[in-house]
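In what comes next, chain A is part of two complexes: it sits with chain B in the first one and with chain C in the second one.
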Partner chain A sequence: MRSARQYRQEILAALQKDLKEELDFIDDMASEHPKSYQIWHHRQIIIERLNDPSKEISFIDKMLALDSKNYHAWSYRQWVVSTYNLWDDEIPDIDRLIVEDIRNNSAWNQRFFVMSRRPQGFGEDDIVKEVSYILQKIRLAPNNESPWNYLRGILEFAGKPFDEFPQIEDVCRSFEAKAMIVPHALNFLLELNAQQVQAGQGERVAECEKISKQLEEHDPVRKLYWRHRLEQVKAFRN
Partner chain B sequence: MSDGKARDRSNDILYFKRHLELLPDHYTSTDTNRMTLAYFGISALDLLGVLEEETSGEERSGWVEWVYAQQVHPNEGREVATQKQCGFRGAPYAGAVFDSTNSKVCNPYDTGHLAMTYTALAILIILGDDLSRVNREAIVSSMKDLQQADGSFVPCPGSSESDMRFLFCACAISYMLNDWSGVDRERALEFVRKSESYEHAFGQQPDQEAHGGSTYCAIAALTLLSALPTALQNQDKTVAWLLNRQRKGFHGRPDKPDDTCYAFWVGASLKMLDAYQFVDTQALREFLETTRTKYGGYGKVPEAYPDLLHSYMGLSGLALQDDTKREGGSRALYGPLGISERALGWLREGTIYWRKV
Partner chain C sequence: MSAESTFLKELHVKFIKQLDDNKDELEYWTGEHLRLSGVYWALTALDLMHSLEAFQKEEVLEFVLSCLNDDGGFGGFTGYDSHLLYTLSGVQILATYNALDRFDKEKIVEFVSCLQDRTSGAFRGDKWGEVDTRFSYCALSCLSLLGRLDAVDVPLAVNFIDRCKNFDGGYGNVPGSESHAGQIFCCVGALSITKSLHLVDADQLGWWLAERQLKNGGLNGRPEKLEDVCYSWWVLSSLAMLDRIHWISKDHLRKFILSAQDEETGGIADRAGDYPDVFHTVFGVAGLSLLGDETLKKVDPRYCMPVYVTNRLGLGS
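Moving on to the complex of A and B:
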């Protein structure tokens, strides 16, 4: 309950209670109610008053071990990392979480947060390294949506079109050679071909039709959407 | 309608009616949100098209009185414009005495709450009240104090939760009361824009992971602010992310399991972006059949017991479908406010802040 939490903050201050003991209390409460907004906000206020984040990352890791996609835990983690300047250790920790579960989209989001917000910025070397990291993860689990979304996002953030990295197209085509159907890869190829149609290469429509057919067949829940995408491509040509 | 469908429908009706009569004890810990639970039940009967025939006039006017008894009025002797605590509370849990005409704060923690104000207004509109006892000036002036420097809202004075949920509530309240003076619209828009993630859907706050629930709140707020599609970076990409949330049913983030409630959050977002026609509604209905329970209502996932939130959201998800695809007798949903199209008509024609004099 919100008001009980506010009242607790007030009496903790008035009675000058040991806030470290309060953290132990929160540890217990958080394990029982990991999705309570109030507990996480309560913890944030206590840490601000103590001005000591030394135990926070290990506390959050403990909570993420229970549920690696806990929204409150990740939100709190962003606050801790940016408030106390803990950027340097964050990438290795995220790597570990992605290795544990390559489909953990929350960890991918945290990776984007660090790359886009850390004080040292994001340069030419960084985007090259990121693309190769992402493609390696895509090869491991091609139907995993997270790295595909992250790939688009980080290229956009860096202001790079994806044809600047031909290795992306190579990876997309490599599945075909292995007779693997990967809708995310086909979607990329569709987009690439659509851009070429838009740039005046009308003959590319045939390729778009072929890809679109495969998508309709292998991603049938979005069949109407793939048809719509093809219509959009054809409209470019006209 | 087949026998099976008619049975499901009458089970659903009974499920919501039972909860409006007596809440099971496991809702005790959510008593601070009782207004929201009442909204789920009452709006559900409206969407099922049976509110008038399945409930008595006495029950409906009793609910209206109960809702008004949760309205926190200005303290006497102070300018309304200086009030910060007004709006509706979720229930009299802090000890407020029943008073449907002039209820005051009963202790410093007893205040209005944006989500409760939003659902209270929704209930009043659904029940055909003309909002003449709603203290608009007090609500709007309290709301100004809840908006944060970044444009988001906290739900009540002294709270530290501020995110897309309460920004949406503030927009819904402003729309229903036809008065936007409690919201700095530019700052609100800025907050929504900054919360669009690299996936082109929305998190609860800037930098947070895109999520079906916060994406609904963002897109509904943008609709109410008349800022679609201009406030989106790339509408096609937002639509693509939303459509990717369908496996059979919908889920809220990549690789999360399908969950009944996203039939509404994601479905309504697609509808507001004119892209609902791409949804595989057959697959969605099949998924919802697996979470619909023999007790009436819906669970979160297959085999789960029903609860009010998921029951209401499952029903709302189906109410987004075209007239020809909805179950017989049910009413269409207006996504941005979470009330039926019928109730929206009453808001615009029958309530005092909308009615032309």
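Moving on to the complex of A and C:
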């Protein structure tokens, strides 16, 4: 396979073969062997030679329809988007994929990729919109890990403390009111209070103790992590 | 006792030995193109189970030699082109058999070092392939086993891996790519081998890795994916290198690995009820070793090789 692929590149170059036909060939190959990373790299070289990415996003979408978490498809998509400056249409596409499968961590990662790298930057309006978007998704599936990780990541990227937006804490507390145990929400509250302790509000340690006890009880496989985190928080106070 | 609670060592040794005895069968191991890696997986599993002698050393070395190409790299099988994945497997086998001196080490070093991109620090898997942190790991692991990390630009290699660090503390194959436990093993392993673990956010990544443990005790490789015995290795070894293995439930994971054993044929599958193979067998066995199973030899989390081998090479942590 590997040698044949190199051979194929050499023949294509030598014959000046129609590279667009070659793309059709790859379409077929990729549908049959979606996890072969060599096919994706082969395609990248052809697109570089053609310098025409116009069909790439629809091709990748077709592949993601077969497996929405195909690692090579997402890597290739990042290359296409950043190389050919296709940032503008990316967010609506990601929204569609997240609506189709809210638990698609690859789509959430792509959202971070776009927000953190697109040329127009990431301003005050953007973080407000993102927080509202994330909270809406968290309400739909509170135990879905991806938006929680994304929330922490994007707040840190924007340089915002976790208590900057009170609506986040409201959503975290709302589960308790409904007698729902959501470890990710408790973890966010723990981190929010830990930041406050670190910022000098030593009295928040009591809240951290309360939350970490709840986590130990409801997430016992990771109890040593929760204990470790609490010890760290206590050390901030000292 | 059922397989749920007992480690079926004799059966696993037999399973691996039979794979070797049935070389002519159509579906021998996992396919011809990665046979050399298959040999490394089998040999490592046997060695950890105190059964290295189940393979004929000279026969194995003869096969390894037949995969070594003139460019100094190893192919996945006799006559196949060289690739970093198989070059690492070849060197690992030679190191296990204490036979590195029988080969032209410098030639291998040359093959590996030529694959570094001297601008980005990344490595290609072969001379026309793409870059990937998996290949950074293969190159750095291989060179350190050969005692020749000085042959490449280590700070630049480390810098590329650092650029692959994500907002969740994990690592992907290239900068910006999604965190994935297999890639994380490669990155944390490479950073550990190059004494650069200070670049890892150990608490954040340790927590992300601990979150990989599911209610059934198994580990997945990314959020919302299925558990799989091979992640017992990728996740657990990363936690071990970060000194945070106690952040997950060892008992639950041990039970999960044992439940994936095939009680009839031997061998370990990706999860209970599936067919066993040598890939999941070695990573299941290595995982049990990291979990502290004293009937097994200790495994080195950086190299997925027995600790006595890496100690013999002066690579003790």
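Convention: the second predicted complex is superposed on the first by the 225 of 238 C-alpha atoms of A that agree within 3 Å, B and C clash if a C-alpha of one lies under 4 Å from a C-alpha of the other, contacts with A are read in each partner's own complex, and residues count from 1 in each chain.
Keep in mind that, in the parts below, contacts are C-beta pairs under 8 Å (C-beta built on N, C-alpha and C of every residue); 3 or more make two chains touch, one makes a residue touch a chain.
This structure is a prediction, so every number in the text was calculated from the model and none was measured.
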**Request:** Return fit or clash for chain B versus chain C, each positioned on chain A through the superposition.
**Result:** clash
**Message:** In the overlaid three-chain picture, which partner chain does A:Gln44 touch, first (chain B) or second (chain C), both, or neither?
**Reply:** both
**Message:** Which partner chains sit in contact with A:Thr83 here, chain B, chain C, both or neither? Use first/second/both/neither.
**Reply:** neither
**Request:** Quick one: classify A:Ser36 as touching chain B (first), chain C (second), both or neither.
**Result:** neither
**Message:** Quick check for you: in the superposed arrangement, does A:Asn143 touch first (chain B), second (chain C), both or neither?
**Reply:** neither
**Request:** May I ask you to decide whether A:Phe157 touches chain B, chain C, both, or neither, giving the answer as first, second, both or neither?
**Result:** both
**Prompt:** When the two structures are overlaid on chain A, which partner does A:Arg103 contact: first (chain B), second (chain C), both, or neither?
**Reply:** both
**chain B/chain C common contact set on chain A** = 1-3, 6, 37-38, 41, 44, 69, 71, 74-75, 78, 103-106, 109, 112-113, 116-117, 144-146, 149-150, 152-154, 156-157, 220-222, 224-225, 228
**Complete:** The residues of chain C that touch chain A in their complex are 33, 80-81, 83, 126, 128-130, 132, 166-168, 172-174, 176-180, 203, 206-208, 210-211, 213, 222-225, 244, 246-249, 252
**Request:** Spell out the part of chain A that touches chain C in their complex, as residue ranges.
**Result:** 1-3, 6, 9, 37-38, 41, 44, 69, 71, 74-75, 78, 82, 103-106, 109-110, 112-113, 116-117, 144-146, 149-150, 152-154, 156-157, 220-222, 224-225, 228-229, 232
**Fill in**
Per the touch rule, the chain B residues reaching chain A in their complex are 32, 93-94, 109-110, 156, 158-161, 197-199, 203-205, 207-211, 240-241, 243-244, 246-248, 253-256, 277-280, 283
**Message:** Going by the contact rule set out above, which residues of chain A touch chain B in the complex?
**Reply:** 1-3, 6-7, 37-38, 41, 44-45, 69, 71, 74-75, 78, 103-106, 109, 112-113, 116-117, 144-146, 149-150, 152-154, 156-157, 220-225, 228
